[in-house]
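Structure provided below as structure tokens; questions to follow.
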Amino acid sequence: MKLIIAYIQPEKLNDVKQALYNKQVFKLSVTNAMGCGQQKGFHETYRGADIEVNLLKKVRLEIAVNEDFVQPTIDAIIAGARTNKIGDGKIFVISLDQCIRIRTGETGNEAIG
Amino acid sequence: MKLIIAYIQPEKLNDVKQALYNKQVFKLSVTNAMGCGQQKGFHETYRGADIEVNLLKKVRLEIAVNEDFVQPTIDAIIAGARTNKIGDGKIFVISLDQCIRIRTGETGNEAIG
Amino acid sequence: MKLIIAYIQPEKLNDVKQALYNKQVFKLSVTNAMGCGQQKGFHETYRGADIEVNLLKKVRLEIAVNEDFVQPTIDAIIAGARTNKIGDGKIFVISLDQCIRIRTGETGNEAIG
Amino acid sequence: MKRLLLLSGVIVGACLLLAGSAFGQEESGASEAVAQAAEVVAEAVEPGPSLEMFTVNNVWMMVATFLVFIMHLGFATLETGLERAKNATNILFKNTLIPAIGLLTFAICGFNIAYPGDTWSINGILGFAGFGLHLPEGGGTSAYNVGYTYWTDFLFQGMFAATAATIVSGAVAGRVKLLPFLLFSTIYVAIAYPIVVSWEWGGGFISESFHDFAGSTLVHSVGGWGALMGAIILGPRTGKFVNGSVKAIPGHNLGLATIGVFLLWLGWFGFNGGSVLSADAEGTSFVLLTTNLAAAAGIIAASVTSSIVQKKPDLTMALNGCLAGLVGITAGADVVSPLSAVFIGLIAGVLVVLSVLFVDRALKIDDPVGAVSVHLVCGIWGTLAVGLFRMDGVEDGSFISQLKGVIAAGVFCAAFAGILFLALKYTIGIRVSREEELGGLDIGEHGMEAYSGFQIFTTT
Amino acid sequence: MKRLLLLSGVIVGACLLLAGSAFGQEESGASEAVAQAAEVVAEAVEPGPSLEMFTVNNVWMMVATFLVFIMHLGFATLETGLERAKNATNILFKNTLIPAIGLLTFAICGFNIAYPGDTWSINGILGFAGFGLHLPEGGGTSAYNVGYTYWTDFLFQGMFAATAATIVSGAVAGRVKLLPFLLFSTIYVAIAYPIVVSWEWGGGFISESFHDFAGSTLVHSVGGWGALMGAIILGPRTGKFVNGSVKAIPGHNLGLATIGVFLLWLGWFGFNGGSVLSADAEGTSFVLLTTNLAAAAGIIAASVTSSIVQKKPDLTMALNGCLAGLVGITAGADVVSPLSAVFIGLIAGVLVVLSVLFVDRALKIDDPVGAVSVHLVCGIWGTLAVGLFRMDGVEDGSFISQLKGVIAAGVFCAAFAGILFLALKYTIGIRVSREEELGGLDIGEHGMEAYSGFQIFTTT
Amino acid sequence: MKRLLLLSGVIVGACLLLAGSAFGQEESGASEAVAQAAEVVAEAVEPGPSLEMFTVNNVWMMVATFLVFIMHLGFATLETGLERAKNATNILFKNTLIPAIGLLTFAICGFNIAYPGDTWSINGILGFAGFGLHLPEGGGTSAYNVGYTYWTDFLFQGMFAATAATIVSGAVAGRVKLLPFLLFSTIYVAIAYPIVVSWEWGGGFISESFHDFAGSTLVHSVGGWGALMGAIILGPRTGKFVNGSVKAIPGHNLGLATIGVFLLWLGWFGFNGGSVLSADAEGTSFVLLTTNLAAAAGIIAASVTSSIVQKKPDLTMALNGCLAGLVGITAGADVVSPLSAVFIGLIAGVLVVLSVLFVDRALKIDDPVGAVSVHLVCGIWGTLAVGLFRMDGVEDGSFISQLKGVIAAGVFCAAFAGILFLALKYTIGIRVSREEELGGLDIGEHGMEAYSGFQIFTTT
């Protein structure tokens, strides 16, 4: 089991969700986050004082999947999120030791989906 | 050392915290998140146009624990969060390589608690 | 590759970012979180009823780095965040299996930076 | 939902049916204006206020009317700010509908119940001058009243009427079902409120001895009794009282709440200032003085009391204190000295804080905005204060007659509201499901969030 | 940005240049007041209103002026609340500038186009009494008008003027570029609006037979046509219509939106009440009555309609319903019976909901706040309703002449707004880039967030 | 906390003690109304304003009073919106208490210091007519003043008084301790403000030659000096100036800030319109005209200036520009031509932007809302502008006498505020701890968040 973490542009969330659905990935968790990457920030000014805004709004996805879903999930995220512009985001994959469904107590592969 | 991630219903947070305290787990971090799982979303309408809301409000817990606290922590989360209704949530367990307390620089098992 | 997660005091974020820059760590993601640790909460009252606030505002950093950047990153976080007061926070290190840049499809060490 | 349609149908139906007969008579109203204006000029020769004075008076009353109107926005924002974000849309919806319902039902029947003239069915207790608005002979001139036209009279009184229902809204926020609440409001404002008003301002059985200048009892405690019965019958919000301990459920937007209180204070310039029923310079300015001194005193007293009792000064208590002072001075604004006004306000400010705590801790009644403490407790206090503080030479308003008035209104309103809420409870139900409550009434009743896109973290 | 400077230069330049000639004449205005006051006293002996009556009238008109003024805050908050958080600063900025631009351009030329007196260039269609404000002989006394001074006249009308531009603002929110929008507003309010006004209130070619009491057509549909053309020419916001299906783009702050509607309702006390142009007791109070009944009826009807059509009662529809009722009654507030006012409001309330859905679903025009439905559709409805509901004895306002007026204003405004928007589109461009739109106009146009620090989660 | 109790005790104690003697005399006030009304009628035969005219005047002054009242909500929302979310409760609390403190202290002593009549202790500089409100003979009639009753006089002036303290509030926001701030406000509004007022409006030593129509100097710069001294003595907010560079600390709610400015603009209809001290048609309408033109010009000029200097148009600067224009016109609203009003507003709008930048960058004084730039800089500008722009025939207000007045008020206020702030600093302390500041004053001083449940991400 893997935990896939992805940072994407907020406005691509709907496309990514659609792409995931197409690959039968229905479960995911979303947080809003701010990111600092290759994408340059922008300058805000407020009452004449400069603010360098280098934390840009991003959406963070967390998706736990079984091994055979890892690649499809990654593909789907890329399909949904890629615009070829700087700021498109990153995907991180982590090994998941265990997964438990709170409602039933099921564990492991059964619990994940 | 393990990192335990759990998604629960927002209104169960207090119960889960209580259950964790009972098991001597005092440290945790909380983020608000939105989740997409077996629980069906609901329909909002706004000025006659439909919105299918399938990202439901969840609370995300992150708890780093030593090995011997893993099971008690999981048990506590389940005890506090379970309602037997769809949407109760999931628990994920990840291996933690290292843990450092910023204040003291302590590392490993000492730092975690 | 490692994923470094850190919880710090919100007001130290700018210092931590500066310290990371000094160590050539330019990429990171930030979420706002609430934490429960050694730091005691405070009491709010609202219309005479007590609220024990034990979830304090924290900032959560997530930084994916190559092996050789792990220690510098940890050092930088500590340098920026330490005040020697309770509540300074924690750093957690997790093994990262994979990293993919959405824009280019690059993977692994190349994708991380 | 179906029920809402039903209600709506009933309201609209009633509107249409009744309105036909109701509004019929004055069809030619405005077009007669010119003729009547001429008449007025003629009359100006006879004794009676000059056309100029009548016009000034009417201008003042119209100003007072829009000030009272804006109180509805005050109530809406105060109540919204003091409840949780997840119920904001619901509260705003209720408070937008209430003035609409209030005005229309007051046109259909309320006005003619409140001011039955000589059409009493039960002498001094219940009268009804018929459905709808009928411009009386000379209704647009000072022949109707030296202070205002018939239309101004109706509008000013109509704006008052809806406040009684709005007061209830705050106490039942966060768990009441929309349709039964609107039904309650409609009936309460259409029947209960005007009946009580008729007893005093309509010339009824307490009008001789009771003194309630602008409605500490007639408006505020009428609303307050409804609030109390509603809060009791509904029960507390989930999470308010847990294992015998009282939990705070903080309001989500204190800026909105503060806007609400300032708008209510502003509205009181018209609520009390307009209750002089003319622009009489000394009368109106005196009333504005006592009103403002009491509000100021209420703020100070509540802030101090809250600092002592709660350790830190509580903004929501200061805001409640302002309203407490205003409600307190409303009964006697014209007959107490400025110094007494300050005292009445100070005591109201102390009272409201203690009452909020008492309602919470001792009575374990959940009143999210403090409506019971502000409107009922301070409404009673203000009414009785007339008996204690009235200036020499004021004939009505002895403590005993004040007490009688308070009791009469209280018994009637508590019974009426109680029965109505219970009837609704055991028929269509008055409380949303626990799940809907936890998820918020905005989604449950309206499928719509008040703060779309904002990350809101609520565990209550 | 450069363009904004340019515009600003133009505005300020125009200000300075024109103002020199424009304001020159009345330099000694205020200092003549004393002399004129004496005159007035002298005149008081002759027929004409007494100084007292003149003063009351003028007070009422000044009150009406500040009520209309506060409508600009109403528009600002309503529009802001119904769009997304990321565009809030931009909307607030636009709505702060519009009254400023409106007042200044109205002083420079608008007032003298709207009220050309006998300086018609094209008879009854286009006139211009010259640049700037020139206090006429006796302009501070009742010799100018029984109801107000020249200054009051200008201010009251000037506050009206800016509303026409504000209405457009709502329909183009979320994607229009700041500078071209301000250019559009400046020209529309300086030229188009006053021309239409001159046709009716300025004594022009429809003034005999057309009846538009306070501007269902002259103000609201003028704004509404601009809104419609703007929304069409700009195209929908990104994400509004996706693969033929209509997506909701929820407003971010319904509390703000509700404040907006209540302030607009409040403002209508002055918008309609002031359009009596004196404090005449019967006239003003009658107009306030019809106005308020229509607003209340609009709320009820829109709530019911929305409950039926949308399954759950939609707060934003109830709010639109209120405005719909108000816009609807504006043309005939003085000539329809109270019962008719209720009907006009009810129909407007139904109409506005259906129109919002129709514009969205059938026309696929993206109007974030419903400006077209509220101001254009209900403005037309209200104007025609005069023909259907006017009381016996009212001479102007037959259905046919109402229709003619609607068409005249419509053709002119649609053409004017359409050409102006297209001209801007093909010169400096009127729409922000897709990227700026996605990131929000607050950052794009102002480099500033409206809710600094708040975590806002928007995927649209 | 303990100190707050102390303060509260002092205030309430003072209230009770002084009030006893203070309010004693007019106990029978209202009850004499009828008798006096009769008198008035009798008097109407003699020269003097007719009862009608007196009543109109008084109505206008009461309207002006509530307009000035609502400015307090404007200040509250503007200041709250321009500071961070974590300090919102604190700011709202301060701004709720200030009008209460202002009104009560003005009743206790301020009014009688400001208007000492013939009780000067130091001729033309310091007088005191005794504690409390004492209805003078005929105080409810035109024998007191042709424009208003004694009660109206007090209320209108009392509403003004509190604004001076509110202005200070904005400049010290985000780091001042609650109790010392309230102490400062109480003393400043009870003593310093009325002394300065007495010099001009109370008939003191500058009243012959100085012209300050509605208080560019007497109100705004009095507040502005307090703001300046407070901001200097407190020092900047943590994080404002870091290693010599100026950091932005963005306000958290620009919608709230915009509401604030529009309410202030609205309030200025009464602030300036009421300062005519009667409803005189030409006088009031002229003043409203100049006031509104200056506000509009201020918005335009500040927007343009900000677009040039800051590259993008800054909403908060446009808002400040509006207030700048209003403050600027306040001294000369009655004696400058409309064209001059536009110029005064334009210059004020430019000035305020440059001043904000100068205060930030050159002086390194941290003034979160721009109170110094708006009220002090533009207050001085407006006062001097009278000397430059007054119309022919205006006798007072030469540049030199204006300058003298500005200096007199400035020296006194800067000294008074400086000493008072320093005294508080070295006794009870005026600044919260760094930790409390970082965590926010809402938690620190009130244990309560303004936006409970909202996720707010602040690193400053």
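Each chain gets a letter, A, B, C, D, E and F, in the order it is written, and its residues are counted from 1.
Keep in mind that, in the parts below, a contact is a pair of C-beta atoms (placed from the backbone, for glycine too) under 8 Å apart; a residue touches a chain by one contact, two chains touch by 3 or more.
Everything numeric in this text was worked out from a predicted model, so none of it was measured.
Note on connectivity: the fewest chain-to-chain touch steps from chain A to chain E number 1.
Note on connectivity: the fewest chain-to-chain touch steps from chain A to chain F number 1. For A-E, the matching interface among the pairs C-D, A-F or B-D, defined by over half of the contact pairs being the same residue numbers, is B-D. Because chain B and chain C carry the same sequence, their contact can be compared by residue number, and under half of the numbers here are used by both. When the interfaces A-B and C-D are ranked by how many C-beta pairs touch across them, A-B comes first. Rounded to whole angstrom, the centroid-to-centroid distance between chain C and chain F, based on C-alpha atoms, equals 46 Å.
Once the centre of each chain is set as its mean CA position, chain A and chain D turn out to be 51 Å apart. Work out the mean CA point of chain A and of chain C, and you get 18 Å between them.
Each of the following residues of chain A touches two or more other chains: 31-32, 34, 44-46, 94-95.
Counting only residues that touch two or more partner chains, chain F has 50, 52, 56, 59, 63, 250-251, 253, 259, 311-312, 314, 316, 447-449, 451-452, 454-458.
Under the contact rule stated at the top, the pairs of chains that touch are A-B, A-C, A-E, A-F, B-C, B-D, B-E, C-D, C-F, D-E, D-F, E-F.
Those residues of chain A lying in contact with chain E across their complex are 10-11, 13-14, 32, 42-46, 59.
In the complex of the two chains, the chain A residues touching chain C come out as 2, 5-8, 31-38, 55, 58, 60, 74, 77-78, 81-95.
Within the complex, the chain F residues that touch chain E are 50, 52-53, 56-57, 59-60, 63, 67, 84-85, 250-255, 258-259, 261-263, 265-266, 269, 273, 279-286, 288-289, 292-293, 295-297, 299-301, 303-304, 307-308, 311-316, 318-319, 322, 334-335, 337-339, 342, 346, 391-394, 451, 454-458. Partner chain A is touched in their complex by these residues of chain C: 3, 17, 26-31, 62, 64, 94-103, 105, 111. Chain E meets chain A in the complex at residues 438, 443, 447-449, 452, 455-460.
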